[in-house]
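The same subunit A turns up in both complexes below, where it pairs with subunit B and then with subunit C.
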Partner chain A sequence: MKKGLIIGLLVAAVAFGAGTYFGRSGKQEMTISSSTQGASYAGGFKAEGVAVKPGDAIRSVAGPAPTNVVVVKDGESIQAAIKAAPKGTIVRVMPGTYHETVYVDKDDIRIIGVIEAGRRAVLDGEKKLNDAILYSGNNFVAENLEIRNYKGNGIMGQAGNNFEIRNNVIVDSGVYGIFPQLGQNGIVEHNVVSKIADAAIYIGMSDNILVAHNDVFDSVAGIEIENSRHAIVEHNYVHNNTGGLLAFVTPGLPIKDTVDVIFRNNFVVGNNHPNFGAPGSTVSGIPAGTGILVMAADDVVIEGNIISDNKVSGIIITDHANAQNITADPESEPNSDRVKILDNVMLRNGYDTITEAKALMLAEGKVGAKNLDIVRVGPSPGSCIINRHQYVTVGVSDFTECDFTNTAATVNYLLPPVPPREIKPGERGKVVYLGICTGCHTYNGRMIGPPVQVIQALYLDNPQGLADYIAKPAKKRDDYPEMPPQDYLDPQTRLAVAQYMLQVTN
Partner chain B sequence: MIRALVLLIAAIGTAGATGPAPPDFTLNTSCPPGFEKTQAGVCELRTLYQFYDSLENRGLGGTRTALPPHRDGFTPRQIDLGRYLFFDPVLSGDGTLACASCHDPARGLSDGRPRSLGIHGEDAGRAAPTLWNVAFLKRFFWDARAHSLEAQASGPLYSPREMGNTPTRLLASLNGNATYRRLFQEAFPSHRGPIAEQEIFTALAAFQTSLVSLNSRYDRYVHGYDAALSEREIEGLNVFRSFVARCSECHTPPLFTNEQIAVIGMPEPKGHAFDVGAEAILHSPKLKGAFKVPTLRNITRTAPYSHSGAFADLRSVVDFYNKGRGNAVPKDMHLYLHWHISDPKLTDTEVDRIVDFLGALTDETFLPQTPARVPSGLAPAKRGE
Partner chain C sequence: MLISQARGIAISSWIGTLLLMYSASAFSADGEKLFAQCVACHGNKGEGNATLNAPAIAGQDAAYLERQLLNYRNRRRGADKSDVLGAQMQAMATTLGDDAAIAKVASYAASLPKTVSAAPAPGNLHNGNNLYQGKCGACHGGKAEGNPALKAPRLAGLDAAYIKRQFAHFRDGVRGTDPKDAPGRQMAMMARTLPTERDLDDIIAFIHRQGRPK
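Take a look at the complex of A and B:
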């Protein structure tokens, strides 16, 4: 199972052997490029409007400035504070130990730990609780926390946009340390994440992401970008994981592609940790000793990384067909298209590589090589590389020369905080009327409740009266059942729906 | 046994109703609840979810996430004609079964059976899924073999194990009925000539897209009313969406399905042959035993559960997941189980809380009205008991 990901290699080796590479002799011509000169990669994403200059780079994405602060002290409950908090609140958590699952289903909440002389607010799941933090609201911020001993995830987002997760320490907290899912526009930076059974930082099905300056180690996967678009992963220290940086398309998920990922200026060092991924998980097939792994992701740029001491290979590029522990998905395109490998420092990789890779090297006539920097199996159309002569490679001979040498022009893919959609009361009133009241009231007929025409006659100039009635309906008619209270609608919405109901004409 | 009795009663009912259909059928000119009639005279869905967004417009995510794109824009008359058709046993080969026999408003738009029974009382092989929120689906049937409601309809109509009709006989019986000829003309005013199969499918689709359920207590919680869910249900929600249970990774809000096909390895009931599911459709051995992720809305209304009714109640379903990856895979068979099927080791209390939470997904306020009579003069679909 462990080597499942690479098992197809042998078959591929035969194909390579029979094809382009067999019997090739003599030195290839060298093309030497300098990454400080030459064209810059334009990136696959353009925010509306003008190009960003480095100085104007967005550093914050969480929307409106907070308007309220509450303080939670050791012994109190963070969740209780969040429950009571209006949107726009900073929940400051004082040093201490908190045993709880915190969930945030509203917008504009920031949970910010206070660090006092090195003492943090510690969320401790004691290996009993599932997740430390679950958020689904927009403009969510989690900072300065320490998270330990959860079974599920450290911090998990479900469709929250404009999030910032920074300066947290996350240790031995289940499947993923930090896992924003189905979100747009987020920053994950300056976190220290270790001992995670799958990916320490996992960007799943999300768009416009920056993962920077994190220290991730002792996990199965360091940083994984999966079924996501427009992500930059830079300046991270990724060491002693089974695999360091991953760009994947995982089959069986509703969003089918990974496009436009930049891995740049990271330290990807000694990722040789024995694989302790759960049986059946995608990462359980990663061979221990993988620096960077690209599987079925498109437009992945690898630039400026220091990739060293990863025993299987510095970079592996593969497809779904060669990953045998992967389930099938007819809707996802299985190849890693348009990989772009720019200048990287590669040292001492592949010194103890897997049999399948050795066979491949043999097939390319690379006898006696002690290292392996880059290995590619499976189709990878449109891919390019510069300064290929620097590395020990297999399967990249048909990569073209890239027509750029750096990514300097792509600053990041973040967006200004996306403002919440403004809902006019009239519009809300109409939608609530149609979405809820029409279940029991029609304009001119008897349904479960009396006709709207009758109600209009009763409350003609009195929308407030109607709004008050529906919050606490009194029994009025013998031949009708009781109307259930609509007190779950806030007073404003109740008035809006009353006004709307009083003017409908059909 | 019970089934045979029903057939008998149905047959008597038919015998008594062969006279000319009453002339007074009219089609509704207002839209069904939840829909706004636009200037163009068509019905468009309105829900609070339209105030939210979703990544890539896929309609998947967390609480305040928009719904996926959906079907609407039918006229009130098309919808109402579809309602008559849906409840009219004239659509089946022998006049005994309507769509509503197996998608019964009184049974969560399903039939309360492990597997449906066809016109001759035979096992239809699979369970009848609910039709709530089919307007949002892109693929239909447990094995995802149909790609539109229109394409789906010919399945039950012409399957000998379900309604046992043929296109010729279906068109003959509808065209032979003056009321239906008039109603189709009203619903499809630009159409000339006899009733066509496509119009039947369109009307059925129109009606089915009006079956919307988005007003559960869970939805009230989502739209900002914290007290809509009890403490236990919130605990259940948090287990449901936790990465230990991972339910929401597949049963993703707001529809509680991500509409993917997944191999999860649920067992077949005793004596029932293994169902290869989507493998047979997509010809991929890796999809042996793969089924479309079903919605969990109104789930308390549609026991028993699974594609073949292997589980009598919700607790047994959750127990299945909790027994761990592959616990019911037949010996000597290899299935490529989905990676989210894990070994969650939930406590008994957590399992109970999930079941509590699933109870908060019930909303049947837009339940369609069963017509008192249908144009064929047959008894509108009766409960199968």
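Take a look at the complex of A and C:
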């Protein structure tokens, strides 16, 4: 018995020694670069005309402020003021408590809270209302508000372009805190968002986005860039979420890729919050203790972040096949291509990692490592890294040396106000599907609500039944969140979107 | 006057309760009696018998069992020539008598303690979980426990061969084709969305893990 044990230990020791030896001999030469010197990342988006110089950085996208101003006082209704206002109105909301859902379908509306000696305009859903603000108008601005106790969304955009959402406090407000869906050219900055059951800030199917200076915590996903292009996420403090920063391709959405995301100069600290996403949903698959997660997104640049105390790993790079609760989409490329990891400060990550990561470390001969900064599973072609020797890594040995060391030349991806999304006659159903439904329903997987494929099977040739359901949904599934009523859409629109949804093919 | 009326109501409602209690026990007693016809194949605890191709029915949703028995009797299930096993059940269902008898036996089988299938169902649980959550869980429940609100039966506890066979029936137009069988048609539509047979094995492996002691 004893003998067997000793032999076993010997074998293990020899195997370990061989692993270290071969591991070392396979190691590349150490290449040391300085991020203050060397080439700069060219960026993935070129606005037409000349390149923007740092001094000319765009800080506003919603166009000139309207001159028409109305004031809403405590006890009055914000929605009533917006209904009465012409397009091109600033709605000033005085401190007080407002129990309502605000719909904005006009262009150039700005809802600006007035803060008096720390007292804000508070929208309180009392855990009865679903959404605080839904906007489909363009050039929309929401500022200085406090939003609490809604069940669905804090602020959700539905195909509105040129939006600015800043200086808001959003607490415990359902599934998404700030959620611009299908928008181009938007800023989300200086918001404090917490206790959100899915993504605190969720950029969905949008382009040309800046997410900056937000404080995001106690949520399942901190800041999520999903099926979106040309986004910069910088100077945010992202802490005590289940996962901090995420660049995702969610399969089964109408936009099939996520390309060109820069995560830079953020604090990504202690994202170890137990996962409280609905079991079986996409975000419930995020391991608690994830600093940055890249899943099937391409050209994600990670630079200058302080990433510390995330217990599973500082950075996880994965493909669809290895991710939990993901159903592959034949039209989405499943790999994280061309990830670029520049200098980051990584401390005390991966101190209590998952079994899968431990197995990978073992396979690479990294026995006894107490930390894990970067783990990559699944293919990640064309990826690069600089100063790799400073991190504890698994799966990045085939990353090349990046031919740039910083992103200084890429200021932001914002544009002067862009025209509204073009809606052709007869496309109303499609736009509503893209702008609203796909926020929670993917074609073939479980995001928040049931997959569209399942809805198609349930309603077969009964679009009116579906249109009636979305106006007044009834809870049918214990393990899914309740669907918010979409009765702010008129009956024709509801039928149009139901018809569209029942025939869409991915 | 008022008092006697109130007393009258009290007495009649008391008698009503008694009658209800009596009929409920008679109902389940009838169900148990009728269930005797099922045990030869489905087992005396309703646990199913894979060798006889008889699925577990213990603890299954009563409305689902009733609907299937009616489907058999009305030749909406088990009538296709290729479904030899279904034809056996179809013959049995016609011997059960009227709608009330069917309701009774369904309700009795539903009242039996849920069982799990002992036969192993190997497969890739990671893929099985992902596909199950993406395609099945929205109706059959996250743990394959079934959802009466969506007319979706419990799948946990069913043996792999039965699930596979029924899935093929749905996919291949053997089951779920009758215009009056709306839930069956829904399942048939979903069955056609699964890419490969291997995926089905993985999903079944996931289902097999559900509802059993850890």
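Just so we're on the same page, the second predicted complex is superposed on the first by the 388 of 506 C-alpha atoms of A that agree within 3 Å, B and C clash if a C-alpha of one lies under 4 Å from a C-alpha of the other, contacts with A are read in each partner's own complex, and residues count from 1 in each chain.
Methods note: a contact is a pair of C-beta atoms (placed from the backbone, for glycine too) under 8 Å apart; a residue touches a chain by one contact, two chains touch by 3 or more.
None of these values were measured; they are calculated from a predicted model.
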Touched partner set for A:N310, first subunit B, second subunit C, both or neither: neither
Partner chain(s) touched by A:P279 [first = subunit B, second = subunit C, both, neither]: both
When both partners are placed on the shared chain, which of subunit B and subunit C touches more of subunit A: B
First (subunit B), second (subunit C), both or neither touched by A:N506: first
Which superposed partner A:D479 touches (first subunit B, second subunit C, both, neither): second
Partner chain(s) touched by A:T410 [first = subunit B, second = subunit C, both, neither]: neither
First, second, both or neither for A:F179, with subunit B first and subunit C second: first
First (subunit B), second (subunit C), both or neither touched by A:N191: neither
First (subunit B), second (subunit C), both or neither touched by A:Q453: second
Touched partner set for A:K430, first subunit B, second subunit C, both or neither: first
Overlapping contact positions on subunit A, where the subunit C interface meets the subunit B interface: 279-280, 327
Of all residues in subunit B, those that touch subunit A in their complex: 30, 33-37, 46-48, 50-56, 58, 60-65, 214-215, 220-228, 234, 238-239, 241-245, 248, 252-253, 258-263, 282, 284, 286-287, 325, 336-339, 341-343, 365-366
In the complex with subunit A, residue positions of subunit C that touch it: 126, 129-131, 133-135, 137-139, 141-142, 147, 149-150, 182, 185-187, 189-190, 193
Complex contacts: residues of subunit A adjacent to subunit B: 83, 101, 103, 105-107, 130-131, 134-138, 151-153, 156-161, 174-176, 179, 181-184, 205-207, 250, 252-255, 278-282, 327-328, 330, 421, 423, 428, 430-432, 434-436, 438-440, 442-443, 488-490, 506
Touch list for subunit A against partner subunit C, complex: 279-280, 324-327, 444-446, 450-451, 453-454, 456-458, 460, 476-480
